[in-house]
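In the two assemblies presented below, subunit A is common to both, partnered first by subunit B and then by subunit C.
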Partner chain A sequence: MGAHHHEVVSVEEQFEFTAESKRNLLIGMGVGIALVLLGSYLLSQGGGHDAHAAAGHGAEHDHGAHGYHWTQRIIANLWLNSVYFAGISIIGMFFISYNYLAQAGWSAVFKRIPEAMPAFLPIPAIIMIVLAVFFGDKIYHWMHEGIMDPASANYDAIIAGKQGFLNKPFYIIRLLLYFGLWYVLWRIVRNLSLREDEIGGLDGYEKSIKYGTAFLVVFAVTSSTSAWDFVMSIDTHWFSTMFGWYTLASWHVAGLATMTLTIVTLKERGYLKAVNESHLHDLGKFCFAFSIFWTYVWFAQFLLIYYANLPEEAIYYRERFSGYGGIYKAPFFINILLNFVAPFLVLMTRDSKRTSVILKLACWSILVGHYFDFYTNIMPGTVGANGGFGAVEFGFVLLFACAFIWSVSSQLTKANLIPRNHPMLEESLHHDIA
Partner chain B sequence: MHVTSPVRTPLVTGGKTYADVTEDICKQVEGKPTKEWKVAFVISLAVLAYGTVCLFWTWWEGLGVWGLNKTVGWAWDITNFVWWVGIGHAGTLISAILLLFRQKWRTSINRAAEAMTIFAVLCAASFILMHMGRPWLAYWALPLPNTFGSLWVNFNSPLVWDVFAISTYFSVSCLFWYVGLVPDLATIRDRAQNKVSKYIYGVLSLGWNGSARTWSRYEYISLILAGLSTPLVLSVHTIVSMDFATSVIPGWHTTIFPPYFVAGAIFSGFAMVQNLMLVTRVVYKLEDYITFEHIESMNKIITLTGSIVGVAYLTEFFIAWYSGVEYESYAFYNRMAGPYWWAYWAMMTCNVISPQLFWSRKIRRSVKWTFFISVIVNIGMWFERFVIIVTSLHRDYIPSSWAMFSPTMFDIGDYIFSFGFFFTCFFLFSKYLPVINMAEVKGVIKSTSEKLPLKVSGVSKAERLASPAYKKDAE
Partner chain C sequence: MAEINKKFLVGVYDDEDIALAAVNKIKSAGVKIYEVYSPFAIHGMDTAIGHPRSRIGIAAFCFGVVGFLCALTLTTWTMGIDWPMVIGGKDPLSYPNYVPAMFELTVLFTAFGMTFTFFISNGLGPTVKPLLFDPRCTDNKFIMAIDLSKNKLSETEIESLIKASGAEEVSVKQL
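Here is the complex of A and B:
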């Protein structure tokens, strides 16, 4: 192993959230808000597609009584970004939890980055709970007035059959449970980690394994049920047993890409000197492997539905392929291109996983790609033929991304950038896979 | 420089030197067969003989000797096939995926697990041949140009995908296993006492000379094969699940099948590895190499995959209700409370509840509990396939076609055949090949030993020290 000499690196690093970064993020949020306002004005002036021309394709959402109002697109965008960024945030916790459980050593040096991500959770949580309480019927077919009431003109027998699960009180309880459990368990592990920095010892490590495992048990159930709640039940008639794991795979790889991108960016700015090419290589492998894993579940779900061709299932892809005037066909293919083809080809070789520029390229592809993944799953069921990609979409993504970066940055300032007393740190500092 | 954190638990105990590793593992290959081995081998040959007679009669007389009927056209044959293929997942998972994840504990168990994989896949393949009824036409499953006119396999059929998936998996698993064996075969060749074994192990070790270049190639090919096998591990049971899931039969057509089958396969595979290794480690006195850490790690994987399978069961159940599809809801209600309720509850108890016992550290570090639960898991996984196949079929769309399945002695006898075959192969393997990868254990001995001897390259302190098998100075 003589070929690889390690420089002695300092583990004392303090991240500084500079005034300049804050200013840039504020400008980003300002531009985001301006774009949203501009887009809203255009939408309110009837800039959208003609809702009625294509309504026939979306039989699922054609309940007459619910005319489309342009604000629905705002609500759908808020929902989409909240689901996406909540997922990315919680993957930070998921990553540290399975690393603790598997006794991973290599990841200790950059553990503070995934650890910082779940701090953003309260923001999507509040947005989603407010939206669900006050504007649920704009998102969910099953929250429409009278849909479960046999006396109503809106009555839908199939949806009414799901009332035991899809009813508002139980739904709100579930939302509170998801975010509550996720956030509290993260807080505990985060505090143990911060305390370990100060006092050392193995107590924090051992407890983190326990709480991390508890989180994994909770997440094993809630990742699936939240995927049904947040996304699948929008297309209320439709169902797929794969959907929970499919959404988890999507969140997971997007979270990994976020971590990798953050680590590479911090390194470029002179932080995380202890992170070497081997760490980047392994992060690249994770992004590569889990892009393929996402593709695997995506394809398995698609193939089985396509092959069996049962009308109640195939309608889902039919709507995205040719429904609503075909406006979702492009996002449908962009999804596969950015999430499979691009990372698969770009990250294939060993050297590309060790090159910052290429890693960044692949991570951006994955991040944009999985936005489109959620876009294709959420938009047809919420806005149907009135969907599109305009100022509102760009504005909201910008706003959420800047807020997320702000949240991660301010978390990073709260502790030494490298967990100095982590029992696996020595292994990680000497990580060398040649 | 690699560092091992002090919080890690040791994987090799007893203060072994490199020579000890060689001695402890080679002596089983070099020594005369023990009485226990002979007895066990004769028993498995007897079982194989009985199974062969049953199988012969099945082919001679036709598949009518099985208990199949018009409604239940697949039963034990496909249940056994899927069960064996599932068991055949652990070896390549251990050797490929755990290699990619740099799990050092895989080194003591990968050899036997891979061997087991190969034998299990062969057992699975035997059921494919059996259920064809006319096995001499088995090559019809291959897309071979032929003289029968336009006869050609149906590429739309997942059964054809299966032929490709399993034969690819089998070839790569064999290759992986064999490449891993080469350095160890060379060790045995170098120590061989008589000309016959020197010649045989010499040919098998492909001229391995232990130079830096051969080692570099060895590591290189291991990584490449690991990269190739990882998607293969997933693909095999994915395709097997599609044999069911592409259909429109309630209980079979569900999108979660591919990853859920893969998790179930790894689950049963690890249980089988546990059963075999727990016996081997005692009989061959390998407690210093297959330690409680290994047993515990495998039990953790059993709990993880068992829980994944549990989540999948509950998801299927929930969606069957949520979908509002009457056929689907009935299929699941019928599984739980219909005439095959006992099979369903056997599956639930064995697969979902029993591995949860491993949350207790005491139980997952207990040899007896581990052995017991592993047997339970494999019984459960057999019932899982039986439940999926038979309960979905036996309630046909028209109630007048409803039927039950009862196995005949040939259903049972052909299943027994596969056990005879499996254990005959495994006993031959464990006698004539090293059951632990010596070279790879030596690779981790410095970083994972409980206590290192003063000189890790010192001579062996084993029994035969007085009369070493390989007299280095004599040559």
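Here is the complex of A and C:
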């Protein structure tokens, strides 16, 4: 309302996934695989056996050091990237769902971008299910042989007490449920949106509100439980009641940064002409606000543990801060620097949120930062003193990122880039926050 | 905000869209608009009238920095210098413990600072008589005020412009 000075531009736009983009992405994936192979070779030559650096903390990583094999680092990396990119993907559905529920109008014009993101879900889903079934004991302490068997030498009474939730059959069922429910609900809303493009009317919109709300109810529970399953239970002795929120906050802001980055990039390539500075400003606000929200949750978890200083809780931060020869200290601080300090200072002013270069910079900071967020949460519990950041880590990130961009790009070609019959589109085209 | 010996033309509108269109129309005729009063915020009105961007964000940042520094000084002085205390086995100066206090004081200073900045810059206060062209702007009407001393066009010319732009009534107000 009120933005009478805007020129209304055409909403007919077809995204083209060019041969050049495809070639670049294939090269990216090829380089990723080459880096992984190179890194694997280096690790297999003994680069990963150096556990002596953390000899003083022997008791902390009994599951990491005993019988460590360099392939564990490959498994841990696959797991880390799957969790990170699965989270970013599902945030696309999360975003459109709460926008439907709130009957938000402003976001209609770029809705196809978050809508395209969950298409990537099957890939991390398959990787994670295969890893959990066949290599679960390489990731999870609680999947170790005989850990819940009182007769075994490996028996751990505390972990055995969690058997009701942490047992393999129930775990696999949960994995299937998460990905199944997320993907099916997204598919339904996506199909409604594509149908709306062809036939118009309010039917698709009203049904999308219902299914979006159903997804939010599902995600309210599964975002927390999946965070426990994917990440928290790696350090099986430890638990935090903040962890579900914390992981959701991390995924959410990373997903928002992915959306913003995609929208800015598309705009720079001549697409999404109807997206104006007000949309970018609001997306920037989202990234800014949820960076602070993530920090709030991160700090709330940290402060309670720091203040109470109970050994069984504080060990989690001790391992990351100075354990394993201090190799996780840098990621620990990079995390806070890139996820709080940088976006907080960079995105504070109005003009920075309206300048694409600065917006992109902040988005990259958030994306790299949240990779390290998951890195700090997953690596110490899986590879411990054998962790690091080398060719394998770079290679896997590159491989997953290129595959993710491929998936989003091919989804974007499947429909008009702007949902031409969305009932809120007119409001969105005139979005003006002055 | 009492301004003595000024003559204003006051137009009353019934609809915010008409009022916004009227602002654009009257501005394009070269008339300077003093202010538009509305019961709620109208998107795009500030830019249409030609008001410069609000600087309250800068004020907010400054108040926030002041609040943060106050909290930093308070915690450092009390817990580190004046009366160091060991709590929970921690060093007296354990800054993670003081982050909540720093956060709260930053927010408190920013909120109060912005509120008082807003009051002062808008001339609001317990004893100040506010400038009110038409009390209906607090209810259901949109009031446009034009300062005649700031405009080159004559009173009758501006009056006909206001009427042509869809105003329900036009009156003269002497302050």
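Everything that follows uses one rule, which is that the second predicted complex is superposed on the first by the 418 of 434 C-alpha atoms of A that agree within 3 Å, B and C clash if a C-alpha of one lies under 4 Å from a C-alpha of the other, contacts with A are read in each partner's own complex, and residues count from 1 in each chain.
To be clear about the criterion, a contact is a pair of C-beta atoms (placed from the backbone, for glycine too) under 8 Å apart; a residue touches a chain by one contact, two chains touch by 3 or more.
As the structure is a prediction and not an experimental result, all values here were calculated from the model.
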item	value
Subunit B versus subunit C as contact partner of A:Thr349, first or second or both or neither	second
Partner chain in contact with A:Glu427 - subunit B first, subunit C second, else both or neither	first
Touched partner set for A:Gly212, first subunit B, second subunit C, both or neither	neither
Partner chain(s) touched by A:Tyr307 [first = subunit B, second = subunit C, both, neither]	both
Touched partner set for A:Ile292, first subunit B, second subunit C, both or neither	first
Which of subunit B and subunit C A:Gly255 touches, first, second, both or neither	neither
Which of subunit B and subunit C A:Trp245 touches, first, second, both or neither	first
Winner by number of subunit A residues touched, once subunit B and subunit C are compared	B
Residues of subunit A contacting subunit B in one complex and subunit C in the other	1, 303, 307-308, 432-433
Residues of subunit C touching subunit A in the complex	16-17, 20-21, 24, 42-47, 57, 61, 88-90, 96-97, 99-100
Contacting residues of subunit A [partner subunit C, same complex]	1-5, 299, 302-303, 306-309, 348-350, 432-434
Residues of subunit B that touch subunit A when the two form their complex	1-8, 100-102, 230-231, 234, 238, 242, 245-248, 253-259, 307-308, 311-312, 315-316, 318-319, 322-325
Residues of subunit A touching subunit B in the complex	1, 6, 102-103, 105, 158, 161-162, 165, 202, 205, 217, 220-221, 224, 228, 239-245, 285, 289, 292, 296-297, 300-301, 303-305, 307-308, 310, 312, 423-424, 426-427, 429-430, 432-433
